[in-house]
């Protein structure tokens, strides 16, 4: 089975496919001046795009790790997350507070099933 | 192959099954007033329960990430971990200090083989 | 399918193999007095060794999480990372700032395809 890289860059590939799975890099918002809910919505929209390129979608995510810069932002992040999940059964998930690059409020890394 | 969710909630499912694997959410203790060793023992007992529901057990964990709120707690966390692992060969593991929700001293996320 | 453990210790195994995959523990440098670029190079050399024991190599890593103790060290860490990756397409990756054990500047956990 071959390994396929989506948008390979200098440090990482946006996504890597092998067998039944796709692994996404930690995705951050394009506009770091946005609030945490808006950053989260942007991250999730970008994840939708990378999953689509891999032949997957958000209902097929098996696990996600949500890194946030300030745990006080967890509720606002979750509002965007719940809006996004809709009626789908959510993945296994953890949300932890870490140091991110300046002004990045949230970063999400996930693994999904393909096809 | 289908994806199965165990105890899907608003934000996450306790466990997600696909193919040979089960992914568990980050699991925390029920009683946040406990010390770190007691919280860890509770987390591990809860992991036992979710793995059992998935048709797996602790000897089949392939990797685990242990998030702790205070790295000074690592030794006490490890006492509970070693008690729990017993004679089994332990999984690949990392243990890092992060910000968790208030009074949560430890959170453990793992992936295991089913069957 | 069986689960195989490489260098099982008290807390973790250096690597765990199952099916098409190998999961490595969070790997740290042997000499904690080194700077972050040198610690990263040492970590990556050790990862090369564990991947070789598993029948894999760095071109087959699907995802990696890089934990660093100080986000100001990210650029120096990346220099060692880019040197190491060479012309290979890099894996999915996240890099976040966390608390590590004293003097540990970087810890890397990854999953790779075998064979």
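The chains carry the letters A, B and C, assigned in the order they are written, with residues numbered from 1 in each.
Just so we're on the same page, a residue touches a chain if its C-beta (ideal position, glycine included) is under 8 Å from a C-beta of that chain, and two chains touch if they have at least 3 such contacts.
Values in this document were obtained by computation on a predicted structure and should not be read as measured data.
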item	value
Turning angle required so that subunit A lies on subunit B, C-alpha fit (0 to 180°, nearest 5)	120
Chain copies touching (subunit B, subunit C) - same or different residues, decided at half shared	different
Computed distance of Cα centres, subunit C from subunit B, in Å	21
Residues within subunit B bordering two or more other chains	65, 98, 111
Subunit C residues touching subunit A - in the complex, by the definition given at the top	20, 59-60, 62-63, 65, 71, 74, 78, 81-82, 89-98, 111, 113
Interfacial residue positions of subunit B with respect to subunit A in the complex	1, 3, 5, 8-16, 18-19, 21, 23-26, 65, 67, 98-101, 107, 109, 111
